[in-house]
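Sharing a structure with you now.
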Amino acid sequence: MNGTIEAPTIEYALLAPLLVVFGAAIVGVLVEAFAPRYLRSAIHLPLTLLSLAGAFALAVWQAVKGVPTEPAAMGAIAVDGPALFIWGTILILAFASVLLIKDEEHFVGAAAAVPGSAEEEQALVERAAHTEVYPLLLFAVGGMLLFPAANDLLVAFVALEVMSLPLYLLCGLARRRRLLSQEAAVKYFLLGAFSSAFFLYGTALLYGYAGSVDLVKINQALGSVGGQDTLLYIGAAMLGVGLLFKIGAAPFQSWKPDVYQGSPTPITALMASGTLVAAFGALLRVFWVGLGGLDWDWRPVLYGVAILTMVVGAILAITQTDIKRMLAYSSIAHGGFLLIGVIATGHTQAENTSALTGLLFYLVAYGFTTVGAFAVVTMVRDAGGEAWHLSRWAGLGKRSPLLAGVFAFFLLAFAGIPLTSGFFGKYAVFQAAVANGATPLVIIGVVASAVAAFFYVRVIVLMFFSDPAADGPSVVLPSRGTAAVVGFAALATVVLGVFPQPVLDLAHTAAQSLFVR
Amino acid sequence: MEPAEIIQHSGGAIGAAWLMIALPLVGAAVLLLGGRRTDKFGHLLGVLMAVASFVVAALSFVQLLGFAPGERRRGIELYEFIPGLAKMGLLVDPLSISFCLLITFVGSLIHVYSIGYMAHDPNRRRFFAYLNLFVAAMLLLVLADNYVALFVGWEGVGLASYLLIGFWQHKPSAATAAKKAFIVNRVGDFGLLIGIFTIFATFHTLAFDGVLANADKASSGTLTAIGLLLLVGACGKSAQLPLQSWLLDAMEGPTPVSALIHAATMVTAGVYLIVRSGPIFQGAETAQIVVTIVGVATLLAGAIIGTAKDDIKKALAGSTMSQIGYMVLAAGIGKAGYAFAIAHLITHGFFKADMFLGAGSVMHAMNDEVNMRKYGALRKVMPVTFVTFLIGYLAIIGFPLLSGYFTKDGIIETVMEHNAVLGWLAVLGAGITGFYMSRLVFMTFFGAKRWEPTAHPHESPAVMTWPLIILSIGAIGLGAFLVLGNRFMTFLAPAVGAPEEMPAFHPFSPTGLATLALVAAGAVFAWLKYGRAEVPALAPRGSFLTTFARRDLYGDALNEALFMRPGQWLTRLAVFFDNRGVDGLVNGLAAGIGGTSGRLRRVQTGFVRSYALSIFLGAALLAGAWLVVGNL
Amino acid sequence: MTTHYLVLSALLFAIGGVGVLVRRNAIVVFMCVELMLNACNLAFVTFARQNGNLDGQVIAFFVMIVAAAEVVIGLAIIVTIFRTRRSASVDDVSLLKY
Amino acid sequence: MGESITFWVLAVISVIAALGLVFSRRAVYSALMLGVVMISLAVLYAVQDAPFLAAVQIIVYTGAVMMLFLFVLMLVGVDSSDSLVETIRGQRFWAILAGLGFAALLALGIGNAVVGAPRGLAAATQAGNVPSLAELIFTRHVFAFEVTSALLITAALGAMVLAHRERSEPKPTQKDLSRQRFVAFGKTGKNPAPLPGPGTYARHNAIDMPALLPDGTISPLSVNRYIARYEESQGILPPEVARVLEQEEAAQRANGHSTPTLADEAGDDGPDTEPMTDEGVVAGRVVGARGEARSEEDGK
Amino acid sequence: MPWLSTLMGVSVLGALGVTLVRNDKLAKQFTLVVSLIVLALTVAMAVQFSPNGDKFQFAETYDWIPAFGVHYGVAVDGIALVLILLSVILVPIVVLASWHDAEAGKRSVRTYFSLLLVLEAMMIGVFAATDVFLFYVFFEAMLIPMYFMIGSYGGAQRSYAAVKFLLYSLFGGLLMLVAVIALYSIAGKGTFMFTDLVGTIQDVTTQKWLFLGFFIAFAIKAPLWPFHTWLPDAAAQAPAGAAVLLVGVLDKVGTYGMLRFCLELFPDAAKFFTPLVITLSVIGIVYGAIVAIGQTDMKRLIAYTSVSHFGFIAMGVFAMTTTAGAGATLYMVNHGFSTGALFLIAGFLIYRRGSQYIADYGGVQKVAPILAGTFLVAGLSSLSLPGLSTFVSEFMVLTGTFQRYVVPSVIATVGVILAAIYILWMYQRTMNGPTAESVKSLPDLNAREKWVVAPLVALLLVFGFYPKPLLDVIHPAVQDTLSSVSVTDPQPAVPVAQEGQ
């Protein structure tokens, strides 16, 4: 051995979207270090937005140029159709979320200052701001991009952490209700670390089983390795725990309401949209690629999880009184609906493609609507900041009909009323499931969505049919960013609800090749 | 002798027979839509339309007489009513034209009479509109050439009856009576409707033409079913047992209404239906027997009710029931009875209208007092009314040579030939008729004055008395004209058929004598009790039988116990069940989900460690489940 | 021998898991998570030898790096909340519930 | 054979230590127990042909990570200990049940797996353990390696965000500070000079030994009030110190104003150094609640 | 000319236009004009319809979502045509009737009328859809405008009623969604076009399941017993105009769906389930009528009468004879006019007095004879008095049903008696008797209200005596439907040679 190592080949062009995001994050850190305080925000925002837009453009360019069929970066990353599609989705959603945090309203001025202390007061006076949130957010987005593209479990694990760690931090940085925010951070962190330990243990067992953490090799080993099936089963289950935790499937959903409620709303928006998309991408990749040959075994298990998730999400949401918490439970229920799509694997490539198409479409539709909904939440304020309690939303339809109307529209999309994007999302997933024989699951899903409709409708009732409280919240004039997000989300919800075909085509094209194997 | 073929017809008065219906209908429409603008001439327009209708009917009759007897069934196609089910067409034949003449003639007279009777009513215009509506509907009923159109008329007269009974709708009793009349009629219509369904299911047509000509091809079971169902309809409309209860209450309406609708015309529609559907009944002996039983029962029941009523109109209404019982009885016998049934129907139309209008005249004079115990000795103050009423009275009890004598005795004779038991019951009914009608006359016109202090009776104006006079003329002579020489039977034969041999008229036959004797006994008994003796101002308690009769033979009580009370309970139960049961289930489900949610959310304790526990347990479960599934 | 290592790793993992559930001090809870990660590492190293490739060791190495970063963030968060609430008990952070 | 002995010894130790980690009341003990587990594992790594990892385990984990833990523990209060009462109903029962079940499941699963003899790493580490690892890290896993940098940056940035407070004004120089002191002296008569440390002119300079004035009496300025309070509660407060404190208290009451004391200065340092007492926790809660209220207010 | 798209387009553009108008009064007039234009266009279209031509006419088909095989496909046959006519006739009437309804609250008047026009477009769409998926989309989307109309402009319990209405319908719709999906998957045709899907499901068991999926949704919508309890709440709380469209048109989608989809797509299952459906219908007829008798609230009462009437319609649909089928279709139209009139006039009454409770009225006839008179006419149409169009349809349904199912038809006929009780009793309690103190000063109908009632009464009368124009259009379509279910009418026991009958 002469001590030389052959240089690894890394397809920089393929990974460009990732690299742009990470690079921008690092530049952001440097800005933190060297730029004077008053300039930072002015630099960060364009930097962040530009990098996200640039990454999106690169991803599009990549997709146009042709989707590679081999994993990149020495087999660590698979930039395939679904990955590119998910990247594009995440980047748009992240872009929207960044637009939401533009006004420094949401983040604490000095995180180190104890709430209520003189230091905090001073920070307020000085208009201190944690501009670090921008690079942190970019890191999180980078993790989200990496997670669904990870072709081996090691990269998946690292990506999981890259995605999660900044989010743990960001959760705790709310400007108001800081105790709740910090509580959310602690809970998210402890539970996140706990669940990633499970993920890791699952990785270990699968590694033991297959001798590799490469998803493709694991899949190959499914047929060839004998006698170690228990390792495989437990490993897969542990891996599932980690992934299902991230998507908030029951019984791993408990963090979601608390964290969504406590976090700064733009971060909630990012988590509810971007993280969910990324986690589903990873879940799909792990289960379809890594454990594709095992679907006969994991399908019944996921069946149960999906049912439990839908039921828990729908039922618990009914009695919620906090808008963000309610949206969190709604997100849990939607996670359940999406799991139906994961289960809807078939035996032919076409069947799988249609299931994947449905899922991708659902993710896009749901992501846009969610970001829009949380954007609206940021705009309804009263003296204590955002008016979370639902009773405060009473009569909003009279005070601010347009905003309430848009929000009602988002809620209808969540409920899956036709002519909204949510309907086609559900439809696509359900159709794939029925085509692959999961009709009972679809029936349960349908019943759950009927139950779920109740609480969406309840909010509409509150907004439109109740009389406004005398000291009700006011709707702040949105910043241009927020207005753009709400407008865009509403537009997307309409367009996807009326002419879903282009996006469906896109998703279909992306899903055509399925995942790189 | 079988009915003749129907010949399609156009032209002439018969071709314009639809005008008979259209004219009063236009009258009604103008008066109803025109509103107060037509108040001034409303009554005149109403009369005009009725008379015009009569003119058309008379011209049609004349034209019909111009055809050979075998060609006297003329069908007129108007338009397609319900494609696949029925066309709207008219059938002008001896049967329908008889009814038309009766309806339009008596109707016109009553219109005229009403000008005076309703002179002081602010809503007189509306009254005439309803009367016109009634005439139109009644003519449609009798002129229709199929069961659907007949049913349209059938319910149309029901509507008119409802509107007219409830004409003084500010009176709760009137409103209730109107509603009751309609609902009880609907019960009858229920039967009629199902009868019509059965006819359609059997024949796939509803035209009289197709159904009646082919009735003999259907099984007797089917025909019996149809017959019985039609009978139910007839019972409802003609106030026959067991659907009689509405007629007495219907006297809440203005008296001309009682005369026209509840004596002369509408209530006889049941008889018309049975006669018109003759071929069906002839193929269903059971149905015929039931018809006769119903007829006899009603004729006795009506008579009994008539004996006990102190309300002059209700007594007359009981009498109407009874007389229609005779007609139904006759119609139930078959071809032999049809002519007598219709003849009695026509004469009854005259003399009963005469008496009702007379009663109206009396009421008009007595401040709308109807209690006969407060009448008495009116013959002197109201001579015209008295004389015309007396003629009607003599006609109905069958005083020789007056109308009733010919037609009612004709029925009794025919029935006696057919079945002695029924015959003797009919004779008994005649006897009771003699009693109660005498009672009525004695209480009203004879005896001592029992008037209220405020009453100042006087003779009615000419516009009211002339119709009385004309009707009483009919009551005198019409019977002889129709029955002698089987004139009417011959005339009707092309429409309803006729017995193989025409009955001969036997004056003073044994049956006739027995009837006369019984009637005379009844009259004498009435004289003893009400003419000679003092009539108490308050009704004595009377025997069980009296109470029985006064309470309308407990008909209402029976209805209340059998239908109303259980119906109310059922309604309450259903409402309760709907709110608590069906809706409760729905709401309960919602509440259950909500409750589950409320309880389940407590699982989200807020403690990280609980969450971690759920994850840990979940992981164990997931792994366990996977192992189980994997090793299956 | 491999099985023994694996069973040890499983035991340590389970003990760590139970620790997370029963301890209230956030720092100790976090230490229990670290124990679980260590258990994973043991499994990786064992499997590396079992399978005859070094991937396991590499992964264990990465896990250590990740764990170190995670510890930094975690402890920073815990300290923050401690400063606010003067308590490191995880049971005290339970305002968000139901 | 040697491996077996090592394994069994270390396995027992590490399991006991792990249990100790979970069940010791004091957090510091738990930390130390974790250290024991880590070191045991390091040895087991070494036994299993992973010398590099063993070293990293010692250096990174036991050396850095554990120190961080201890650091924070000290910050939070070294003597903090959990109460033994479980407040969440059923938590312990289910936790232990789940733990046992889970362990059983894992053990069962692993035990059931047919595991042959280890293949050994001889073939994989022909170039030596570290070079081979390096080759893998820098070729096959290079991307993961690069991405971990993001993780580390995040960690650093996060620590900064949460712990570091940027100065908004220039740091006061020594000159500024002494000027401040004398201004204060001029206004309130507050002693501008440094306070005497403990043990001055005394036999030794332990923290509980007050300084002596030239006349041999005790300087009340140098009495550590916390310790004094503690000793008083334990009944071991030296009588002369007690006397001095009493005199001072009497003088204060007479003057009607307090003279600055050590305790006051200590208190100025902020709540971070306040001892972990029940009152402190309550106070912290109050502060927290107040902060909550205020932070709700400034949403306007 | 793309007639159907034009109709919908005009409505939708009108709806947008209304929101842009700044003045409430102008908005109302604008809405009225738009709805009249739609009516005129529809009449122009209907005139060109040839009853014996192609089954579906004025067809437009464009790919909408090729990925799902979904088309924008609209066309009408006789059944759809008359129902669209019903819808577009009712809308201007409702607009005129609702002139002041939306002003009662503090809600936007323009929104109300805008929603009305949106609803009109969807009503046209739902009947015209020839793509099952498109039908479903309209079927569900229609709920939303109606939900807002009830919830924003309704009575005291409006939000409860609106939510119940929405969730109940949504639940049914979602079950139907499963069936729609399964239909697509199992048919495997890659298209949702109705004509392509007819006859594709051969397996009877599959048919049964799919049938149930569709049927439950329709049964809730219609509403059939025991899925009816949302209707009294919704109808009683909705403003009168919305109630008319709800009961008059929206609910017809349920029975229309049964006729169009349940029967044609799943003929074997439809035959299998016929006894069940007939039973439910008969229960609904009698039960709805009995419960109606016991109501104390006028609008609830009317709603329950509709439950009874929908029983007739469903029975007619499933009797599967030409007469009953055509009767049921005609019933849908007539019931729209009849209930529409009843609701609107009751609405006028309630608007005057401010109470829905029957007990608060009495003797209204004396002070407001025209109101009472028209109310009576509307009531009589509800009890199917001959001479009014409802009679024709009820008679046809019963006659047709009797041909095949004697006992149910006889029990159903009891509904005729009960109808008389509930209508006349309500009429007696509100209009007859001594005039109640509280209604002494009620004004009679004003000119606008007369214009609302007049067309309805006229239609009831005209079609009562001359239903042929409608039946001529309906008959071929029903025959076509039944022939695709491959049933033939029962033959008479005694065949009578009748030309033209």
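When the chains are written out, they are named A, B, C, D and E in that same order, and each has its own residue count from 1.
FYI, a contact is a pair of C-beta atoms (placed from the backbone, for glycine too) under 8 Å apart; a residue touches a chain by one contact, two chains touch by 3 or more.
Owing to the predicted nature of the structure, the values given are computational and were not obtained by experimental measurement.
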{"item": "Chain labels contacting subunit B and also subunit C", "value": "A, D"}
{"item": "Given subunit A and subunit D, the chains that contact each of them", "value": "B, C"}
{"item": "Between A-B and B-E, the pair joined by more C-beta contacts", "value": "B-E"}
{"item": "Chain closest to the assembly centre - both centres taken as Cα means", "value": "E"}
{"item": "Distance between chain centroids, defined by C-alpha means - subunit A, subunit E (Å)", "value": "44"}
{"item": "Chain centre separation (subunit A, subunit C; CA means) in Å", "value": "25"}
{"item": "Mean-CA-position distance for subunit D and subunit B (Å)", "value": "104"}
{"item": "Whole-Å gap between the CA centroids of subunit D and subunit E", "value": "75"}
{"item": "For subunit D, residues that touch 2 or more chains besides their own", "value": "88, 91, 94-95, 98-99, 102, 105-106, 109-110, 113, 115, 140-141, 144, 148, 151, 154-155, 158, 161-163, 271, 287-288, 291"}
{"item": "Touching two or more other chains - residues of subunit E", "value": "167"}
{"item": "For subunit C, residues contacting two or more additional chains", "value": "6, 13, 16-17, 20-22, 24, 29-30, 46, 50-53, 55, 58, 62, 66, 69-70, 73, 76-78, 80, 83-85, 90-91, 93-97"}
{"item": "Touching pairs - complete list by chain label", "value": "A-B, A-C, A-D, A-E, B-C, B-D, B-E, C-D"}
{"item": "Residue ranges of subunit B touching subunit A (in the complex, touch as defined)", "value": "590, 593-594, 596-598, 600-601, 604, 606, 608, 610-612, 614-615, 617-619, 621-623, 625-627, 629-631"}
{"item": "Touching residues (chain side subunit A, partner subunit D) in the complex", "value": "1, 3, 5-6, 8, 10, 15, 22, 25-26, 29, 32, 37, 73-77, 110-117, 119-124, 126, 128, 130, 132, 135-136, 139, 142-143, 146, 154-155, 158-159, 161-162, 165-166, 168-169, 172-173, 175-179, 209, 226-231, 233-234, 381-385"}
{"item": "In the complex, subunit D residues that touch subunit B", "value": "88, 91, 94-95, 98-99, 101-102, 105-106, 109"}
{"item": "Sites on subunit C touched by subunit B in the complex", "value": "17, 20-22, 24, 29, 90-91, 93-98"}
{"item": "Subunit D residues within the subunit C interface of the complex", "value": "3-4, 7, 11, 14-15, 18-19, 21-22, 27, 30-31, 34, 37-38, 41, 44-45, 48-50, 52-53, 56-57, 60-61, 64-65, 68-69, 72-73, 75-77, 80, 82-83, 86-88, 91-92, 94-96, 98-100, 102-103, 106-107, 110-111, 113, 115, 118-121, 123-125, 129, 132-133, 136-137, 140-141, 144-145, 148, 151-152, 154-156, 158-159, 161-163, 271-272, 276, 280-281, 283-285, 287-288, 291"}
